[in-house]
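Mind looking over this structure? Questions follow.
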Amino acid sequence: MSRELQHACGLFGIAGHPDAPQLAYLGLYALQHRGQESAGICVADGQHLERLGGMGLLTEAIDQRELAAIVGTMAIGHVRYSTTGSSSVSNIQPLLVRCSIGQVAICHNGNLVNAAQIRRVHEEHGHIFVTTSDTEVILHMLADRHFADQPDPLAAVLRHLRGSYCLLLAYPDRLEAVRDPTGNRPLCLGQLGQAWVVASETCAFDIIDAEYVRDVAPGEIVTLTPHGISSRYFVSPGTVRRAYCVFEHVYFADPASLVFGENVHLVRKEMGRALAREAPADADLVIPVPNCARCAALGYHEESGIPMGRGFTTNHYVGRSFIQPTQTIRDLTVRVKLNPIRAAVAGKRLVVVEDSVVRGTTTRGKMASLRRAGAREIHLRVASPPIRHPCYYGIDFPSREELIAHGRTVEQIREYLEVDSLAYLSLEGMLAAAKTANGDFCHACFTGDYPIPIDPAFHKDIFESHQLRFSYVEGTMR
Amino acid sequence: MSRELQHACGLFGIAGHPDAPQLAYLGLYALQHRGQESAGICVADGQHLERLGGMGLLTEAIDQRELAAIVGTMAIGHVRYSTTGSSSVSNIQPLLVRCSIGQVAICHNGNLVNAAQIRRVHEEHGHIFVTTSDTEVILHMLADRHFADQPDPLAAVLRHLRGSYCLLLAYPDRLEAVRDPTGNRPLCLGQLGQAWVVASETCAFDIIDAEYVRDVAPGEIVTLTPHGISSRYFVSPGTVRRAYCVFEHVYFADPASLVFGENVHLVRKEMGRALAREAPADADLVIPVPNCARCAALGYHEESGIPMGRGFTTNHYVGRSFIQPTQTIRDLTVRVKLNPIRAAVAGKRLVVVEDSVVRGTTTRGKMASLRRAGAREIHLRVASPPIRHPCYYGIDFPSREELIAHGRTVEQIREYLEVDSLAYLSLEGMLAAAKTANGDFCHACFTGDYPIPIDPAFHKDIFESHQLRFSYVEGTMR
Amino acid sequence: MSRELQHACGLFGIAGHPDAPQLAYLGLYALQHRGQESAGICVADGQHLERLGGMGLLTEAIDQRELAAIVGTMAIGHVRYSTTGSSSVSNIQPLLVRCSIGQVAICHNGNLVNAAQIRRVHEEHGHIFVTTSDTEVILHMLADRHFADQPDPLAAVLRHLRGSYCLLLAYPDRLEAVRDPTGNRPLCLGQLGQAWVVASETCAFDIIDAEYVRDVAPGEIVTLTPHGISSRYFVSPGTVRRAYCVFEHVYFADPASLVFGENVHLVRKEMGRALAREAPADADLVIPVPNCARCAALGYHEESGIPMGRGFTTNHYVGRSFIQPTQTIRDLTVRVKLNPIRAAVAGKRLVVVEDSVVRGTTTRGKMASLRRAGAREIHLRVASPPIRHPCYYGIDFPSREELIAHGRTVEQIREYLEVDSLAYLSLEGMLAAAKTANGDFCHACFTGDYPIPIDPAFHKDIFESHQLRFSYVEGTMR
Amino acid sequence: MSRELQHACGLFGIAGHPDAPQLAYLGLYALQHRGQESAGICVADGQHLERLGGMGLLTEAIDQRELAAIVGTMAIGHVRYSTTGSSSVSNIQPLLVRCSIGQVAICHNGNLVNAAQIRRVHEEHGHIFVTTSDTEVILHMLADRHFADQPDPLAAVLRHLRGSYCLLLAYPDRLEAVRDPTGNRPLCLGQLGQAWVVASETCAFDIIDAEYVRDVAPGEIVTLTPHGISSRYFVSPGTVRRAYCVFEHVYFADPASLVFGENVHLVRKEMGRALAREAPADADLVIPVPNCARCAALGYHEESGIPMGRGFTTNHYVGRSFIQPTQTIRDLTVRVKLNPIRAAVAGKRLVVVEDSVVRGTTTRGKMASLRRAGAREIHLRVASPPIRHPCYYGIDFPSREELIAHGRTVEQIREYLEVDSLAYLSLEGMLAAAKTANGDFCHACFTGDYPIPIDPAFHKDIFESHQLRFSYVEGTMR
């Protein structure tokens, strides 16, 4: 799948380094694959927060000269996935506000399923909302006296959030790193000399030569200051079922990263191996669909003994400024991004390995292009099960109806994709590939088994409150 | 005074025209002299609001192609004065939010003196603030159930505002144009065919060939819809003392505009005439300081019979991108904007007419430059009294200590400015120049007589409230 | 006339100052009114030439940071008038080439009437041309062995040029400043401490506090080096009739400048005085058409005793990025640049002073706009004679047929402009206004009396040459 | 080798298609890997030539909207490799000039070794040069009467060029595609319906769905018009030794392209196979250095039977706007572009396949990075021989002294690179990989055997000419 999904955003934080703003820049750079719509950095100097941000890639969104002018030893940063609309400038994260507790900034990876309800409650009590993101409700809650007056306001707020979330908050004097009780999204903790760092993936540590220490635990809040870190739990460990997003391993994360305690490359390769065992093929070459399926293809190759091949070249210069030409010649441009290598595939029986199939239209185009280039047989092997359900926790899948596997058998999908054979990896095969996680994955997009309830009716009861006097049910989310 | 003051912003609104967005663009164009920091337009189509905006001049801030893509028959727009700081992108107006009453956008000309108190109350009750402007509090109040539940929520909110304000609000189905009970800032109502327009000055009507109808009255709310206008008062007419900002006539407004019912050029010329009567001079030429003092200089010339002359040329190409060169040659660049015409002033006795003097540094530089160009005598005549007090209603004067007239006699100022004689127009002379206003001016910057109380202690009492249950004292602001 | 003519370019040069590049930038800044299409600077450090340049205003065309990185004590610069077409990037001056005599750069103010012939000869002998400007031929001639082998190659080349030209040439070790034998365009010489400067107008000296020394004489070459200047004549003084462009005084030059030895403001004012004597009017106010006619209007006012008034306000923010709105509302935008002050003109009998009238369409629009604003009578007085002939020496008038005065009597023009009376200044009146020039003006656009022959047939004879062996007729251009 | 070499430019031409300009844009898009400094397109409509171009990537250099406004059925285009210097705007190709034969545009891939001599001759005869490129001399020759008067001027000019060159020329009514007699650079001919296309590589045909027909032959000129093509030879086939640049196969060309009649991917794979036979290794994984060595690595894998692995992830978002941070943290940024996958290489014995090694510094860094990631053994295999000599035909290698293989034995290089073993592919192995070429390669950078003489002394004799009457030796270049 050639990066056609919108990603789940990337987070980076650092405390205790004189070059914090620039290290945050580099860290976000390594996380750019998680979001290309906008980027922002918020710097704390002990007294104040200052924010830079803009639309587009990091290098477009943040002027490095402006950044260099900001002093502070703590910083949080965010890269956001791509949406449309000029007004989305107000959705750039970190969000920075001033309220009763002073300045506070936040950035978020994930999706809150009860944001609409919380928002409605606040709107009813006169709060105004400037963004269209779910993240803003957290700031409204933090600013609310109901929470602000509690011994641990942040923990109190978090206990009312439903959904998936990793959060980084910046206060003038400290950062807080939060991972939801299910652990749905990844968040890693590391060290760079005396400084502490947090990031969605460890590839952001590699770029600055920081050492991975451990994951932020589900339900944990880690406080980072220039003087060190401390930890607390807002939900007792073990009381909430873990639900790591398996799609991080299937598609999102960088192969060099550790995610949920395991290397993404190895997990993907193991998925490919399992696929080879479950669905062998009699073929001449294993061909990965660029670029994401390369790890899984290597696994299929290793297990099957079929030689690796290369079926496509990619144009790395396709930028956002490329405008499709006039209608009359639009049909000619199918190969702008991906060009099949005719000589490599002509007359060959191919095992084509794909990481996942969403809509199917792009995959169908690629298969047709291999066929036109002369491939004799195409055996498509997908290193994950059919995607049949929407994700409510942060992956921007298209609507259920647009999913190729929705309401279709594998044979029907094969016919649509026009391949000689088609096989998906089984759920068991996929889950077993990541050993450390012990099967504690969210696989709702494959199975419809949603670990975090999303029935809106449930939430309506919770917010029986008047005039901003929230009577939140105290307790865990189970 | 060569546009060294930061201005009070400009407002434009239109309802009932298929080209509303573009007419708003043109209207703001004509108001650009009132603010160059940022510009924004919010369009209403009956169902939704959509906003465009950005930093810089109108032509930089708003892409006309993007604007052309927005459909709607109603629009409000704003130009804002210049400040610094990259984060001020969040201060671009109109502000657009979503809250309990749906979408609402606002833009503001003026300054609320009780914004900090209102803001503190809302912060205490958990509201979060994303801008650093006083305007945002109005949205928080509108969104508040206390006000939202009243028969006329906007009127209820307005009765609690203290300070100077003209407001344009956009809702999906209508616009509201508001002028504060003192009428401190100007707001005019006009017609363009079937469409209705509002603007800070009538020069915005001229550019689109709209007809001036009348001023929005102090304490009035005019509702504009595609189908016509209606009016109501949130404070009974006549119950609040009027306090038109005399500085609009002295300096801010465009000479072609009607402001407070009178043409600015004529009022300025009358100020110049009065100045000639009060402070005659024996001189060869009347020289206006470009560009603002030209009208007053014409008045002095008419009354005194001394011929008009021209003392300076101006460089219209000084843009924001001009960077001062290295220190070594910085001293050479004093004439980047204004170049004296030596041949015109050498050996001449000059009456130099200035509209006002704030810090005095620029004026001193101009006088020195005339002297170096060979002027024999310089008789400086200022068409307004000495500025000795800060403005709390929207003019961004420097601090009291930086005002040249603060703590100095006219003779001391004359010595500082190094002119042969110096005279200011008297308060009476200035106020009499505008006949229609009948003396109902705010002249606090000259006299310290503040028409709207600014003692914060007074306001603290008003906001005795808990948990956002505001117990505003209902009543007028008298 | 509101700057609707394309101007004749501006030149600036400096030698012997460590900040030469930046001083050239400032100098060009002061000359921006002479050209806004493109700008360029070429710096010499004794060994090499380096060039920066781009399209648009100086601040857009040249990055001040890039400029600051260039070291050199000599520099020449150029601002060019506005044309259209993206390919004109190759026309940015100074032109910099490498040829047999090493690196050489050139910039030019004026127009060569025999450029096409010279170009054709060079094309026939295999030279290639990269620009569409007449200036490039001078470089081709300089590079030609025929000239390069002569004792004074530059002088030899110049003797073959026909037309109007001020030139600045840069070699790695020196600058050459040239003025054509007729002196058609202005070129001034000044000093800044030990450094020497040249510029089209003295306003470029004012901005850097340089002192005017004298004009470069017609037919003179002044060589500027870091160590001082030297002078020689390529045509003996007095052998060629002088022909100063009177339109510099009428319209082009900055009022603060000395041009042809006289202050522009004073000359324009004298034109206005003469106009008042020749064509008095019974009126209430003298109104200049902004911005160029202000000096002439002051002269009319002084001589007539009729008070000065102000009829228009101007919008200084009209930038190049302003796009005309859709057709439907285009008619509304007539007042984007110029807005009449109704209150100032309503019911008044006006003497409107204009510097010159070219096509008449703009003037007609302004008169109509004054009429709509209520002017009772409009007596248009033009401070120069009717323009009836094209200029071949650098002014980009429209074609003869588009000139309002072509083939029309003054009465017919008056009818077209819809004014109550119309009078032009007489040729004698105009020429007498500048005393120093002693009438040695080119006034061909008014009279058709062309001081430099422009019959192409004449030139064909001159270039009877083979294989780049030019057999130029040696001698002066008389 | 990670694209550290500056490339040899890319050419594209099309005749006979109404969308010629936009198809040229797409074609250049597919050739972007051959040059990223600047791009340009010149369109012919039968009467005139019009050019667009700019600095940077194609999408930055050419505004698609401007392009869409140009009408013409013929176009040539060029992408240029990266150099520095703001003045290089004058080096953008196609160069477009006007001369005795009218308008002519040219673009060039390759390098002329006698350009300096030709240039000197022209300079001596008075020609001026505006670019610093060798290409410009061709235009000067074409414009020269000596050549223009010959029956086939272009052929006559070409016979005097020495070096490597593929050229596309545009005249108002036709295109000419030229390949030098040695065939050093590739140039392919194809068809798109009735239209004819030429391009440096066939990947430019793929993107527009054109069909490859044949290569333009060494010494051939193909004329393309809207009505078809014709061909002639300027040097008799077979009289000049062919010398195809083997580095096109080693590194430059896109794997999907046909170059010199063979698919690049297959040739590279065969190089890898030969490398495995010549230099086997006992290892666990074959690891390609991204991105260029992937094809060769697949060959090594196939031949050796060692499984393929993946050692690195690459960041595709590294743009030109990335500025290195402050010195203090610069050391941290070694992994900005390439991040090793620790889990994949730790404890493994690796065969690392590289396409070529130039300076060695980057390769050394990558090897160190694999070592730090835990690789147990590193056996570096390079799929081409050691580079020990400069290229005079268009590859911008660093100076001889900077080449790691210059003056070092393989063992010394191994020590420098700090790998456990190192082997290069033999010359014979490399040349045998491409069968069709039959060994007719230029391999001077490996062997010092220069097929085209580069002794400047030789050329001095040729240009004994006077006054642009070139007495070129007529004949072939052997």
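Going in written order, the chains are labelled A, B, C and D, and every chain counts its residues from 1.
The rule we apply is simple: contacts are C-beta pairs under 8 Å (C-beta built on N, C-alpha and C of every residue); 3 or more make two chains touch, one makes a residue touch a chain.
Every value quoted in this text rests on a predicted model; they were computed, and no experiment measured them.
Enquirer: Could you work out how many touching-chain steps separate chain B from chain D at minimum?
Expert: When the steps are counted carefully, the minimum from chain B to chain D is 2.
Enquirer: Averaging each chain's C-alpha atoms to get its centre, pick out the one most distant from chain B.
Expert: Centre of mass proxy via C-alpha means gives D as farthest from chain B.
Enquirer: Using mean CA coordinates as chain centres, what's the chain A-chain D distance in Å?
Expert: Measuring from centre to centre gives 39 Å for this pair.
Enquirer: If you average the Cα atoms of chain A and of chain C to get two centres, how far apart are those centres in Å?
Expert: The answer is 62 Å.
Enquirer: For chain A and chain B, what's the span in angstrom between their mean Cα positions?
Expert: Centre separation, chain A to chain B: 48 Å.
Enquirer: Enumerate the residues of chain C that touch no fewer than two other chains.
Expert: If we look for residues of chain C contacting two or more partner chains, we find none.
Enquirer: Would you mind writing out the residues of chain D in touch with chain C in their complex?
Expert: Against chain C, chain D makes touches at 50-52, 66, 86-87, 89-90, 95-100, 123-130, 132, 139-140, 143-146, 148, 467-469.
Enquirer: Which residues of chain C touch chain B once you look at their complex with the stated criterion?
Expert: 18-19, 22-23, 25-26, 29-30, 32-33, 36, 57-60, 64, 68, 203, 206-209, 254-256, 258, 263, 265-266, 269, 294-295, 298, 301-302, 307-310, 312-313, 315-317, 319, 321-323, 325-326, 328-329, 331-336, 339-344
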